[in-house]
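The following pair of complexes shares a single chain, chain A, combined with chain B in the former and chain C in the latter.
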Partner chain A sequence: MSLDLAESRQAPSAMTQDQPAIEVRGITHRYQTGRGEVLALRDINLSVAPGRFVGLVGPSGCGKSSLLMMMAGLVRPSEGSVAVAGAPVTRPAPERLGVVFQEASLLPWRTALENVAFPLKLRGVPRAEREARAGQLLHLVGLKGFEHRHPHELSGGMKQRVAIARGFCQDPPVLLMDEPFAALDEQTRMTLGDELLRIWDRHRKTVVFVTHGLTEAVYLCDEVVVLSGRPGEVLARIEIDLPRPRTWEMMATEHFGRLREQIWSLIRRQA
Partner chain B sequence: MSATAAIPAREARRWRLSPVALRWLCLAALLALWEVAPRAGWVPQVILSPPSAALASGFAEWDFFASALAFTFGEILVSLCFAYGLGGLLGLVIGLSPFGRRAALPLVSSLYALPLVVIYPVMTAWFGIGPASKVWFASLYGIFPVILATAAGVQLVDRNLITMARAQGAGFWPMMAEVIIPAALPAVISGLRVGGALVTVGVVVAEMLASTDGIGFLITQNRTMFRTPQVYFGILLVLVLAGTLDTLISRLERRASRWRPQQDNAHE
Partner chain C sequence: MRAARDRRVLLAQASAVLGFFLLWEGASRLGLADPRLLPPPTLVLPKVAELLADAGFRRHLWVTVRELLLAGVIAAPLGVGIGLALAESPYLGRAFKPFFHFVAAVPKSVFLPVFILLFGIGFGQKVAFGVFQALFVLVIATAAAVAAVPDELLRLARANGATRWQIWTEIHWNAMLPLILEGLRLGMIFNIAGVIFAEMYVSRAGLGQRFSTWGESFRMPELFAGVLIAAALSIIVNETLRALERRAGAWRTP
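Take a look at the complex of A and B:
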């Protein structure tokens, strides 16, 4: 079940190694609500080097999704700024940066195939071409045979997989994923995790991956950023120095356990 | 546990009347009563003529009725274009912005609640008693539910879908075509249904009040001459017109909601 995305392989681009793929400078964010202001994030500084796989963990409500929205140019931070590949982010730029949302956010009147192909449709890619690619991606996430189902005919985990496939569809160099595996069973989660690592490795994508799963975070990431409870602040950045490629056996090692424990103790103190 | 036990018990009943069959049965009973009541002398025939008599005398003057029907149909068609086109557009504009909603929705709702028929005489003064005044009146009469339903439908679009499409770089028109309009469509169509019924009412009532042609005009004229069967034939024609329009909209509704989960298994 492997898929070569080479037809649309990303050129290594002008991105130099010393220029961060994502740079967050001094982001503070307040939401205006009916009952006054909510300080969601405080003075976040974060730099993600190109090709890195970075995890984002923290207690619920600490502003992980909000931070991702700002990186994607969907929410303007109250203070501070974001740059992607050196260019300031002012609006969504789907060809540079893709998002997989926490809610699957599928168009209910479109089939799974059409949902995956949606980003390409917006870019005017001919139907046959975009659906061929969408079909491959559905195969990749294990949904062969479900191409023509509508979202209401799919389970929560299947919907989430369609959303993941849609995230890959444009093959952007930077991918932001907000708890993409949250609705999946353990086995699918591990399989898709490996698939994600494979794509990431082959195409040298930069990934920011929000998760509540610490095992998943350690298994997938180069680095895990731990945020504090609301208002979210960067508590620690933990380097995951496990060798690549990662294997499932590594999870049983003492080192893996220590890294996981280290993150857990930071988060536990927040609650 | 008790719930699961209850189901087989109900299933065990020997024969069941389907809702559709019951509906047709009621209709048939009503028709039979309508036919029998005047014939048996329960109701004077000047007040209620049996459907068979209405059809017979109507078809005897068919040319007359046909041209009136075509006239009324034309007026309805033009009024529908205005009510749907303008109403849909206004509904979109109002529904899309919080400013528009706050500014216009209360006004539209109150206008909708008014008995607009009181302004029809004014319209005949402005536009004469020809088709123009009917079209103006019926369009106005039918436009409000279309505006309200469209505005409500647009408002209810899932915010997550809008965010998702924005993240994919969708501009104004793709956002409209791919997200907003499909999401609002079921609500819009229910507005079209009410608006369509009101347009039909508007045209016929306007014809009955002041005009020189059309089904409404024929109904009034025949009534003043006590030609009761012809009056009922006119009424039947209006029913057929309204029924046809409603059927067309139901078709549209079914087409537009094919993707949705089946709510119940109402077999039509």
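Take a look at the complex of A and C:
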């Protein structure tokens, strides 16, 4: 079964073709705590071309998740701005930006199908239409037959699949993923990574993927952005020039190891 | 397998009830307890049927039921409303939540004389005292229910462009309902206790008024029959709300 996720979207115009999918300009972020002001991010500039799979890594507490929440319009930065396809992001824009969180964040009182369809329900899409689409997406993530299960009847990996299907539900050109596989065991993480690549390969969305797994970052991404420890600054942008489709054998290659080493040495100096 | 286990549980429960009544009967018949103070169930159970058939008693029962229902109908929106206000406004919550916790800890019965001075000894006073009894646990349960709404779900709804109203109907309502129903159930238990106690203290009609009259005039079979009827009433109210709670919170039990 083929599922054309792009059909509902307008064909990209010539202008949007060479425009970055996401542009982060001069983001600096401070917040107040009981012990005074914390500088979390300093002068982040980043531009992501359409269709790229970009990883965001850095020592814990470097603000990579905060940066993603700013891209999603959920957190307002102290200074600087985010633009998606040239239009500024000042609040959540689900039709332009899908978000997948670390916790699957499923509504426990709704079925898998209703959870995937939830963003469409909020937009007032009729039930039959939104559930037909949600059904196709559950099929796409390998959960055919689990439509009417509730989250407590699903394993951790299945829940995260539902969350990914929900991220694709509105067919946004950009998908922001905040450590989506962090709570899963190694095997499930690897399998889901492969599935994500398979879906991404077919629909070529722009993906920003926050992770603390370096192997995962190298395996999935076209490019890995390394942030420094607090305050977070862009340390390096490392091009992952491994061919696609990626295969598990690549992980054993010297080149893969070198790329991973390169990222690790940058982060280790920060920790 | 499952059915067989269920049957065994049912059998054990039936034996326990039967055993209880047998012990009661035995204690009374064998003189282990004074039958004038503890009349045997063979005397009390027919009395239950007799009372329920009696129009005079049914009038008293109906007064109590109306007091309980009206107090519940007033306390539920009031308690939930105050609880929401305390939980949603950081200012109101910080200023007034402690008072609700303080007053919740005080036995409400000590305020009964004040209620008599304020509302007299009639129907209105019983309702007011029932509301007062039920209110605090409901306010506290509602405020706790708001606090228990998972942040991650609120963030998810916001990320998907939910309006304030949608966040309430889709997230808050579903997450809070089982906890509010639990508060309501506990509130109703307090309500029943309060209304019957107020009737026993001073009143012209109601179950409690019957209890104190029977107690004072040493009419033990009637008193025990009345206690069984009051117990049945409370259990019906409690189980109805518990069933609603289970339905609303089916997603909570894996």
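FYI, the second predicted complex is superposed on the first by the 237 of 271 C-alpha atoms of A that agree within 3 Å, B and C clash if a C-alpha of one lies under 4 Å from a C-alpha of the other, contacts with A are read in each partner's own complex, and residues count from 1 in each chain.
We adopt the following convention: a contact is a pair of C-beta atoms (placed from the backbone, for glycine too) under 8 Å apart; a residue touches a chain by one contact, two chains touch by 3 or more.
Just so it is clear, the model here is predicted, and its values are computed rather than measured.
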Superposed partners chain B and chain C on chain A - clash or fit: clash
Which superposed partner A:74 touches (first chain B, second chain C, both, neither): both
Which superposed partner A:213 touches (first chain B, second chain C, both, neither): neither
Partner chain(s) touched by A:99 [first = chain B, second = chain C, both, neither]: both
Touched partner set for A:142, first chain B, second chain C, both or neither: neither
Residues of chain A that lie at the interface with chain B and also at the interface with chain C: 72, 74, 92-95, 99, 101, 103, 105, 107-109, 118-119, 121-123, 150, 152-153, 170
Residues of chain C that touch chain A when the two form their complex: 152-153, 155-162, 166, 170-171, 174-175, 250-254
Residues of chain B touching chain A in the complex: 158, 160-161, 163-170, 174, 178-179, 182-183, 259-261
Touch list for chain A against partner chain B, complex: 69, 72, 74, 92-95, 98-99, 101, 103, 105, 107-110, 118-119, 121-123, 150, 152-153, 170
Complex contact set, residues of chain A against chain C: 72-74, 92-95, 99, 101, 103, 105, 107-109, 118-119, 121-123, 150-153, 170
